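See the structures that follow.
The two complexes that follow have subunit A in common; it is paired with subunit B in the first and with subunit C in the second.
After this line comes the complex of A and B, so read on.
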């Protein structure tokens, strides 16, 4: 299940934050915020996607740039909501 | 006591000639500002001094001395000449924060071009509007961003050359050329274009309430103000290690991320990376940054992560901290003292002013929450919002007004003289911001006087967002306003009425948000959407944004006599 969730998030990041044919590859460890793939403003749309997809509400204090900096980091947040 | 010494004495006896003399501005008929940012430093015997230390997000580094800056900017200038570009041509820089972005800025100016830097996160609509208005002839970009240009180039007949600086052997398309700064021939000498001090130099686009973004056009003589404000307000010396976190797509990133520090001959460091508290502190510690110029939004993000992270690093190298972009709240100044042992000094200016006009100075008492006092040579007051007469009673709110004539003032809006003229009332340039002045001459920011949204220190125009929203298949009408945000001061909120057949839901909301992010930019992306049946309008059909904004800010709605009946 958790592999499927990771895949879902990776696909979303590729589709929404990278250009078509972008040479950048994304895996579960790829830095998202610090690499600039997702900027701190766009993090809001990623958070909204997660909340909508998994029917959760991530509190602002948990939505830090570090917590969103990779798919693995995001998985740690989701785990707190028993999504894994 | 900083470089400025006694503020009162400097303000009283100031003349811009002080700056001109220190720079030797105009020596041998040379007024081109690019010369003063590299060639002159070399002629003074400092060619081997480090000018730029660049670090990428993976930790990779590149270093450039002032001699390198001089030669590589020649490379760009010569290349543009060989392509057939001429003085006065608008040449856009559309790249992430790589060394080529900073150095090509000087190269364009050296050959007499007008440099048009644009934020690389702009989507294709935002890019198109600005390239079309400027009649841009050539654009420097990277593989990462060239696809956005490909989607609009056929609508831009003036755009003759798309120069890809990292193309390597990748295939290119129509009007695209590959160019490598490092592999190109390196001319030691280049005849720098003898620009008149009033010749156009930089074109920065900024947003207003109505209409398309406007290109604030600056001139080469702006360096007179940018040099002296870097020295006195930012307190930068040649032996400092200086870090300006702004992107050169915005005016802070050119006035104080290129022109100011390099005209002084200091070493500046650049981190091409997204935000991370630990990463930023590590960068400061590693490179021993002494002067740090950043934005309130970044400071509030650092605050959010707390002082525990700060304590993991040795930041004793920091000597002076300055902030710009939006008002710095008192809490941030107080937190900064706790975290770094020194306050952030707030500074105020805007794209149109080209340089700092109001700020707090080293050696002067900082009143947390205040923007500080007018820079020497700047006559700043507040005027009545209706009559534009000067307000003389301390503490009374009015519009910030500046007496025109300082060297870095914009000279026009590109193709829009009428809009430029409208900014001047009764002999004053009206900044569009509301403030009061206290008994001691300190300015206290209150807010904007229009519907422009200040988010993360950047101005976003509601009209541009609303126009883009209407291109979404589900949207019948919309209004974009700023709503309060604890980190970014304001973020965009959109009120949307849907076309028949569409129902509000979370999927649609996310689709609209991403639609604007890609078309315009992450800054313009609504962070909240409220679906409504209809929008409040005047009887003549104009959307009353002010009512929606007042609701978000919990303010009085004011006069609604022109409101359309339900």
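After this line comes the complex of A and C, so read on.
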């Protein structure tokens, strides 16, 4: 199940943030924010996607740039909401 | 004083971190009026050096124009120095009303309200117009002041890939249930000098019943045939719901900004926009000078025409010299270098050659997108442009990047 969730998030990140001409690939360890793929302003789409998809509400204090910096980090947040 | 060593060390470390990361912004002292030719003290304490300025937002060359300076003097003599008040207590003079009316006429809108800056206009407008049942759908590369303004507003925040109309349409479909939607964009994006696809945005706004808001700070006064802005350039004059813009760039370059649009929205800003309510009135000298600027650019398009010619000339020559630039028509000309250190080093060499330009790198632009941003002005003469091109060519030869592609520059210097 968690592999499927990871895949789902990776697919979302690629579709939402990468341009067609981008050569960059994304896996579960790829830095998202610190690499500049997702900037802190655009992170809101990712947060909203997770909240809608898994029917959760991630409080702002948990939605830090560090917590969203890779798919694996995001999985750790989801675990707290028993999504795995 | 509770400013302990602990606090002092903490802030010092923050600053040291910036120095180490190369993100510390140093200020250079200019010892002359703002113009194409300026006198700069850099490093601090050294003798002033005469350089040509290619990094100001002085697009129309009006910052120190004699008629504008004269109008400022007249404002000082006839209406005084400061108003010691916000607008709604005792800070509105007849000249403020005159400027707001002139701006509306120039921009092609119903009404206008002045703010202390366009940063303030952007910080205030969203919270006035939208509530939690609404959605803001913004381009991802909008100016920081818009990002801050949206953060102060309770409406839901969506953003779309830069200038990607398919992605914008997806977001418009996603937000069909909201009460009001607003598409939010810069008219011209400040780092690349690229122009928003306002014709398509207006079309999508109509199709999905969404308001369109444009920050036209890098366009008002010179984009479009009469210089009215990006909406004129894109053929959608009169079809943008809300325009915010600045007096701090082409329109004399002092300070002040505005929200311009439907009367109800402008009136609500006067009642509820917090940066408007709690900031002092824009001082009389700026208002009388800005009134003169609008008169000058309404009477003739000579200055915006010269800017257009200068831009075309510089873009053609710098491309022919072998530089990799972002293509376009705007006086912002990004010379792409990709590597942050290369951009900084070349900017410093340019300064030594008597040309003042600035290198930009992450986090101001995306990683691997470092560049020198050149800004052309109507205040530049052909010989200024030629001198800058010659200096760029000399410095470009030193770093062996002339005629090199993006791939080749990155192979030589890395990201």
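The rule is short, and it goes like this: the second predicted complex is superposed on the first by the 83 of 84 C-alpha atoms of A that agree within 3 Å, B and C clash if a C-alpha of one lies under 4 Å from a C-alpha of the other, contacts with A are read in each partner's own complex, and residues count from 1 in each chain.
Note that in this section a residue touches a chain if its C-beta (ideal position, glycine included) is under 8 Å from a C-beta of that chain, and two chains touch if they have at least 3 such contacts.
The structure presented is a predicted model; accordingly, all values stated were derived computationally and were not measured.
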{"item": "Comparing the two partners subunit B and subunit C, which touches a greater set of residues in subunit A", "value": "B"}
{"item": "Touching partner for A:66 - first (subunit B), second (subunit C), both, neither", "value": "first"}
{"item": "Partner chain in contact with A:22 - subunit B first, subunit C second, else both or neither", "value": "first"}
{"item": "Contacts of A:41 with subunit B and subunit C, given as first, second, both or neither", "value": "both"}
{"item": "Interface residues of subunit A shared between complexes with subunit B and subunit C", "value": "16, 19, 35-36, 39, 41-42, 44-45, 48"}
{"item": "Contacting residues of subunit A [partner subunit B, same complex]", "value": "16, 19-23, 31, 33-36, 38-42, 44-45, 48-49, 52, 61, 64-66, 69"}
{"item": "Partner subunit C, residues of subunit A touching it in the complex", "value": "16-17, 19, 35-36, 39, 41-42, 44-45, 48"}
{"item": "Interface residues, subunit C side, partner subunit A - complex", "value": "140, 147, 156-159, 161, 164, 362, 366-368"}
{"item": "Contacting residues of subunit B [partner subunit A, same complex]", "value": "57, 96, 121, 143-144, 147-148, 272-279, 301, 304-305, 455-456, 488, 506-507, 509-510, 513-514, 517, 522-523, 525, 527"}
